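One structure is given below, represented as structure tokens, and several questions about it will come after.
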Amino acid sequence: MKRRTFLKGLASVGVMGAMGEFGISGAFAADKVKMGFIYVGPRDDYGYNQAHFEGKSAVAKQDWIKAFDEENVPETIEVIKTMESMINLDGAQVLFPTSFGYFPHILKIAEKYPKVMFLHCGGLYDASKHPKNVGSYFGYIDEPVYLSGIVAGHMSKTGKLGYIAAIPIPQVLRNINNFMIGARSVNPKATCNVVFTGGWANPVKEAESANSMVDQGIDVLTCHVDSPKVVVETAEKRGVMCCGYHTNQATLAPKGFLTGAEWNWSKVYADYAAMIKDGKTIPNLVRGGIKEGIVKSSPYGASVSEKAKKHADEVRAKFMDGSMVVYKGPIKDNKGAIVIPAGKEYKQTDIWLESMDWLVEGVVGTTKS
Amino acid sequence: MNGEEVGLIGILFAVLGGAIRVGTPFLFVSLGECLTERSGRINLGLEGNLVMGAMLAYGISYISGSPWLGVLAAAGAGSLLGLVHALLCQQPRVNDIAVGIALMLFGTGLAFFWGKPFIQPTAPHLPAISLGGWSDMPALRAALEINVLFIIGIILAPALAWFFRTSRWGLNVRCVGESTEAALAMGLKVNRVRLLSTMVGGALAGVGGSFLSLYYPGSWNEGLSSGQGLMAVALVIFARWDPVKCVYASLLFGGAAALGPALQSVGVTWGYYLFNAAPYVLTLAIMIATSSAKRRLPGMPGVFSNVK
Amino acid sequence: MMRHLETIAIPVGAVAVSLVLFGVFITIAGANPLEVFASIYRGAFGSWFAWQDTLVRAAPLMLTALCTALPARAGLIVIGGEGAVVVGGFCAALVGIVLNGVLPPLLVISSMVLVGALAGGIWVGAAGALRHYRGVNETISSLLLNYIAIALLNFFVVGVLKDPATLNKPSTFPIGDANMIGAIGESSIHWGLGYGIIVCVALWFLMRRTTFGFGVDVVGGNVRAAQLTGLPVGRLIVSACVLGGAAAGIAGMIEVAAVHGRANTSLNAGYGYAGILVAFLARHNPIAIIPVAILLGGIRASSGVLQRAHDLPDATTLVLQGLIFVLILASEALYGRIPWLQPKAPPKEQPVMQAKEQPKEQPA
């Protein structure tokens, strides 16, 4: 696995990894480094976009950085125009278009602006196909989701978990599967119902899904939508437990909050900024999980048992030393077919996992629309 | 939680509970629109009132600590938008539907602009009354967790019907909606009646918004409304401008919206996009089935009928 | 010339007043209004780059505005542009995928335009037909059709018609690079702008210079009078809706062929709703839609600059658009009331759309 070698390689630099690289002249150091951030939703959505906004706010505090951003930019030609506007009107040197669907649009203009770096959040960069001033960064958030699954498995009394998700894309399916595998490592009989709401932000449907699931006896809820606030609050209101996502939602559910999976973009953006300041080459591909500090778990809620904490902490240690493999055969999908045979294992960095289109045994749901 | 299998009956409870939870905003907006339309104006901008009301209610509740003050503020903002609508529409040649669309844009714009600081905080919610204490089924108890606003709405509907049928003012509203000329001949101040009807209607839509932000789903953000304010206008048509039928229509709508998630949560996972479209298809189907080009719809205020 | 004075002076005045109100609003929000106006200008029209930005954003609005403007000339208020964009784009993409490599690009693109227009036309035409033949309120039915179109698009794109290679952004298969609509010359503006202008001009000609256009205007003025004169009212109403829907369908096709290369959920990006505003500002005149769409495109293009330079939220331009919209509509009341704007011998220049609603205080 190529990516693993680069991961090792970059560990020495203190960041994550480089595959192809391109030079950044030290000339930036004289002037302020200008970084542009683009979000697909509102900055303060208590979720995905806010996580990036917090990262941007953290780097913006440095006096040698000028960071600016734009919110609610759709994944159409408008993002191209926003990027070009940041380059032409504000002199942006580095752009962080943070939504997955921005990538094809980035490719359309990257070659036109060879001096600008386009760092896309999503991990699609392919050195053989894409220009050198494009890069990708992403975090293995499914690692802390796995830990959430362990905690949920310990804490659930009914053994029935619920996952409220936007649409069945690989990123989402991988989180659901990690949650289920984590929970089943504790309680092999646990099940997880999935509701796809069909959109990234639909509060009424999210609340309705949460209520229906609680009605079905589900006692731990989690979600993968842009803003988990509604799901977490609804779970609290109905007196069931919940795991957060994107950012820390502990304060929204003081009784039932267990733990959650969070991004730590401030670290990623600070690392990029430091590299630019020092005139280092910017890696085209930056990825990492708990070990690299790109993702983390939310602090445990008050109700989490010592046993659950201990178990999750043990597994976290294994993620930290790199010995943890989630996708280790035999693994069946929820239609009974064996997707990973016994003896076969897929490490976290394996690209095969990124085209996931199946749900693991125990999940009640389908990947069809 | 006792983990018993609730299964299919759970869908029933979820749809029942959903009908009430999801239906309440529809109920308030449709009652408001019903009043406005009975006076002979269409306000398509109630979506703006709804969003504005949701934002303001949440913000005021957060600042003041009193959700009811928030509801009041939402009603105030709604009536203000209604006032603007009414004042513009009584000018010659100004089209009420277009003004509605414009005010919807304006209202949501303002709400998004001012609402930024209120996305993060948690505001005190409106209280609910538990009517399901007699049951030991948690699903049923949850479905019967009724918000006070819903109860107010349920009382308001027959009250409004009574208002139209028997009260003098109600008669005036109906008269103005039936025929401008006749109303003028009777010495009624047509514009003033319409202005008040639009303001009260706008206030009700604002209250509908406060339900969204202060009870269910119970938070403020820019994606909060998925067009409930617009759909409520459609509801009025198929409720035949009858406030009591607005209740049934809203419940039907809320239930239809709850059906998709409820089915998925019991494992019927196919076709959720289609189930989510169910309320819209249902409305369209009912409208097609019950409308006619030849005759005026029963209950339709006379000024809207342009029978060809 | 004189008789056009009013039709230009009043809208321009309304926009000016809304800018003043917006300035007050901005001041209350704590920003310097003059600087904000300067930024809007810089972001919208201040440079060749800004112009390209503006024009690219204006292109789809020209086409979606026609979806409200044409039915409005026949007296209907249709807000179904969004659905027509989605359906048109989706069907065009399907045709592109099937014909990719089978036919030469020119024919593939032509077929896509045709099918996109047809699909959008049928979609909005249905609302028109339901209105005329079943008495179903067209505003509501076209709104419902939007939701239904979006649900269908999602259903197919996330489901059966998904290209498995489009991992985390579900889309259909690509229509092929050869079949893409390119940029105009050296600019970054795609040819969608050309389509927009051509369709606007063509429909202006149709509405102003043909008996069809005249007939539609008569129907929009007074349905009963039109019926008495023996005009085929139903056919005119439905045709106006079909033409409007076809224009919006082409907007969807352009989104696919010039921007995404496939159909995906980004087709539903709000162009249809923005088009409603453009249509009303242009008072449903197809030729006026062109400059108004450019104005609106400029305001939308400047949103980013406002966010970055003044820390204003993205909703700022929404407020501005809302203000302009409200004031333009309010200004309808001024036609014929400002003495020094009146021509000597007044020709009957009725604002078409409003004519039907005109007898406000009389029986309908």
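By letter and in written order, the chains are A, B and C; residue numbering begins at 1 in each of them.
Just so we're on the same page, a residue touches a chain if its C-beta (ideal position, glycine included) is under 8 Å from a C-beta of that chain, and two chains touch if they have at least 3 such contacts.
Treat the numbers as computed from the prediction; the structure is a model and nothing was measured.
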item	value
Chain whose Cα centroid lies at the greatest distance from that of subunit C	A
Of B-C and A-C, pair with higher C-beta contact tally	B-C
Computed distance of Cα centres, subunit C from subunit A, in Å	37
Distance from the mean Cα position of subunit C to that of subunit B, given in whole angstrom	28
Set of subunit C residues in contact with two or more other chains	154-155, 158-159, 313-314
Numbers and ranges of subunit A residues touching at least 2 other chains	42, 72, 198, 368-369
In subunit B, residues with contacts to at least two other chains	116, 271, 273, 276
Touch list for subunit B against partner subunit C, complex	44, 84, 88, 90-99, 101-103, 105-110, 112-113, 116, 179-182, 184, 190, 227, 230, 233-234, 237, 271, 273-274, 276-277, 280-281, 283-284, 287-288, 291-294, 297, 302-306, 308
Residues on subunit C engaged by subunit B in the complex (per definition of touch)	29, 77, 79, 130, 132-137, 139-141, 143-145, 147-148, 151-152, 154-155, 158-159, 223-224, 227, 233, 276-277, 280, 313-316, 318-323, 325-326, 328-330, 332-333, 335, 351, 353-354, 356-358, 360-364
Of subunit B, residues touching subunit A in the complex	1-7, 10-11, 13-14, 17-18, 21-22, 116, 119-120, 122, 138-139, 142-143, 212, 216-219, 221-224, 226, 228, 257-258, 260-262, 264-267, 269-273, 276
Subunit A-touching residues of subunit C, taken from the complex the two chains share	42-43, 47, 49-50, 53, 56-57, 154-156, 158-160, 164, 167-170, 188, 190, 255, 258-261, 264, 266, 269-270, 300-301, 303-305, 307-308, 313-314
Touching residues on subunit A, where the partner in the complex is subunit C	36, 42, 68-78, 80-82, 84-86, 88-90, 100-101, 103-104, 109, 122, 167-171, 198, 354-355, 357, 368-369
